[in-house]
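Structures incoming, each one as structure tokens.
Common to both upcoming complexes is chain A, partnered first by chain B, then by chain C.
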Partner chain A sequence: MTSWAMLESTVTLLARGALVSLWLALASLATGTGLAVLLMAPAFSRFGLARRAYRLFVWIVRGTPVLVQALLVFYALPALDLRSGPYVAGVIVLTLYLGALIAEVIRGGVLAIPRQQWDSARSLGLPPGALLRRVVAPLVIRYSLPAYVNVCVMAVKASSVLSIISVWELTFAAREIIERTLAVFSVLGLAAAFYFAMCFGIDRLGRHVERRLTPGDFAGERT
Partner chain B sequence: MLKFQRWLEVYGAGYVDGLAWTAVVALVSAAVAVGWGGALLGVRLVGGRPGARAVDAYVQLFRNVPVLVPIYIIYFGFPLVGLAWPAVVCGGLALVLQNGAYISEIFRGAHKAIDRVQFDSAKSIGLSAWHTFRKVTLPQVIVYSLPALGNQVVLLLKDTSLLSAIAVGELTMRAKLLTEQTGAAYEAFVVVAALYLALVAVFEVGFGLAGRALRWP
Partner chain C sequence: MIEVRGLRKSFGDVPVLRGIDLAVGDGEVVSLIGRSGCGKTTLLRCLNFLEEYDAGEIRLDGRLLWYREGGSARRPAREAEARRMRQRMGVVFQQYNLFPHMTALDNVALGPRFSQGLSREEAEGLGQRLLQRVGLGQKMRAYPGQLSGGQQQRVAIARALAMRPKVLLLDEITSALDPELVGEVEDVIRSLLSEGIMMVVVTHALAFAREISHRIAYVSDGRIAEIGLPGAVLDAPSDPTLKDFLRRMR
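Up next is the complex of A and B:
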């Protein structure tokens, strides 16, 4: 950094990149959570084939690097004649990736519901809709919130990978500035600080929500 | 199908090369990261309060920053201070630093799971600190942490793909090059994805076997 003006423009540029990163993460978390909820249908299906298809999907998404998925979608979308650009490709990739992760989180939450809860709900004769809304959903949210917060942090970190498929976000902005100024340590250090602030902030916020949502006498097991 | 066969003849060697790079980088980084994670646990255990604070800060830092940032810092930054290391060393170091942080947390959890009584017993039969560590702590930490360690190593394996961004000739890099040479974009990446899945499966089976071999009788 040679001057204050340069430092100022660097910080502004990185802050704009950080906003894009955050936006990418939040948008993909929203769509990914939606996908995960839909995935619960095959995950808890009566049909073995549907359950197996779900396992296969999760295995493939979790067994391959996000970067490979990103490159695949980035190159495959134009081949399918969808001229969408890197942002759409980026959100699609993160949606699939986070969707698979969140689906496993929710599935774990459902599996953690004690047997007695199911039994008592059944003995009360709750209809399926009420069972889901009044018994399953509140418990699953409490059980899976810690893991879900982790996935939210991973979303911000995973968005950095999209810089490689030319999505302009924090990491991309940092590289751009480095190529012009060679101020590697200060620029990437600042980028790291922005990432840290976002991830740490999400983590703290998540823990706060967790405490608010968990009543003092909640008997569930904490993980 | 014939086209695919021809394609395999021409480009197969590149994939094998890339696969070997990915596997070697992942294994070496994982081994060093386990050592580093163990060292961090050591600092936490013998360093008192300041040691624990320092390790906590280190872990928080690396947990909340994407690994691509340390990769770039080391790869682009170290030559500026006179450390012109090969790209694969820079990338491997970044992977070690980040995964070491996660692994030290895994070890910490495993260490917590050991019953305190065992340390009292070790003292009562006159074991030295070093002997207690070697014969009581370490074996149990390894066994308790093995499942989580397996997960972490698979994550590390997948993160080696990021080294393609600093021109390390691993699997993802090969696929990128092939795409540029042939224009056959998603074929190249489907093959690479399948190879990663195979590697992940091998690692998972390996850790499963290790876990079974080391289980208490």
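Up next is the complex of A and C:
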């Protein structure tokens, strides 16, 4: 095999792996964001027990490595007699991990709403649904977008951990190729370039959305 | 009319209101003056239940506000009930507190549309009329960040009026403004006087208070230390701390 053909097959394989990585990240971000929104109920619950349960969940997820979490879920699922492939286990791990991170991002966004805005909303007598949809959600989205984009970028990189539980994605593909070709640095370099391209794309997209959502002089708003 | 009886409130161990009694009649404008920290803003916030209070009662047209009638234990009114009560009062805040992600028109139309169930067209029509009335017909699509402080405060007044409130509560509405912008906001309030809307006004602007108020109340140390006609309170005060306060304000 000529070196040119080898490079071509390497890039093709890595590109396919990158697509899987991206898919894993996006799927887990979708489910993780859903989980995070649901977690706001206990996070801001009237009941101390619910708030403590939320904090415990965040502590555990944040305080342990994703790698360990991945292994744990991977071995736990069959033990629970759930015959799922590594992909399902992978998405579950990333969902829990990103869910906890995003929940904290959203919680930060809610806490960032100035007291005056709550006063305003209360003085207008807005019912809870309208308050949430018209005031809280739009403000939280704006306040937490930069941190959220950060988590999105982390999601792409965190997906590489799933190679340990035999999820075939970019890092797994790279290791496969390295075992065959022994071209450690060039293959890893290429894989890193793919990761970078994906993260960079997400970052640009995030900036774009941020600008679109910021009318007038929003950032300079004093209240 | 609004009747306040025996209103008490502490922040932790610090008593802020030590028994406020006040009655404001329909169409009456009452200004609350006093030193910073005397409790006048807290009193205003209690009127709209933005602060809970420890004791006492507030009635609007005879109906008890914020807490449930009867029974020995004090129980807050239901949330939905409290929301209905709030709709009868409009509040304008010192820092305008407009929603930064909404245009001026959306800010004004929000309450009528979602609290009072007007259709979108009705709410926006009302919003347009009110913004025109406060002289901002050209700024309906502007966001708060694109408006001057005076313009933002006029939007805030339109937003409060949009609820068609029985009472308007104004909390130092010109204190955060640059001096040259105070006039335009005061003009809007002047224009409301002919409509006979009840107002409770917390202010440091004594000349303005004298001009618009039927009565002025001097709040000191959590109590209303003196209340009466503007001339009597401002020109012939009897309370010694009020004399001192007025001397400093000159």
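Convention: the second predicted complex is superposed on the first by the 216 of 223 C-alpha atoms of A that agree within 3 Å, B and C clash if a C-alpha of one lies under 4 Å from a C-alpha of the other, contacts with A are read in each partner's own complex, and residues count from 1 in each chain.
Definition applied: contacts are C-beta pairs under 8 Å (C-beta built on N, C-alpha and C of every residue); 3 or more make two chains touch, one makes a residue touch a chain.
Computed from a predicted structure; not experimentally measured.
With chain A as the common reference, chain B sits beside chain C without any clash. Panel annotation: after superposition on the shared chain A, the angle at the CA centre of chain A between chain B and chain C (CA centres) reads 100 degrees, nearest 10. Using the contact criterion defined above for the overlaid structures, shared-chain residue A:A76 touches chain B, although it does not reach chain C. Look at A:P138: by the touch rule set out above, it reaches chain C but stays clear of chain B.
Of the two partners chain B and chain C, more residues of chain A are touched by B.
Of the two partner chains, chain C is the only one that A:S123 touches; chain B does not reach it. With both structures placed on the common chain, the touch criterion links A:P65 to chain B but leaves chain C unconnected. Look at A:F47: by the touch rule set out above, it reaches neither chain B nor chain C. By the touch criterion defined above, A:W4 lies against neither chain B nor chain C after alignment on the C-alpha atoms of chain A.
After superposing the two complexes on chain A, the closest approach between C-alpha atoms of chain B and chain C comes to 27 Å.
Overlap of the chain B and chain C interfaces on chain A comprises no residues. Those residues of chain B lying in contact with chain A across their complex are 60-61, 63-70, 72-73, 76-77, 80, 154, 158-162, 164-165, 172, 175-176, 179, 185-186, 189-190, 192-193, 196-197, 200-201. Across the complex, chain A is touched by residues 48, 50, 79-80, 82-87, 89-91, 93, 95-102, 110-111, 114-115, 142-146, 159-160, 163 of chain C. Across the complex, chain C is touched by residues 116-117, 119-128, 130, 134-135, 138-139, 142, 213, 215-218, 220-223 of chain A.
Put simply, chain A touches chain B in their complex at residues 59-60, 63-69, 71-72, 75-76, 79, 153, 156-161, 163-164, 171, 174-175, 178, 182, 184-185, 188-189, 191-192, 195-196, 199-200, 203.
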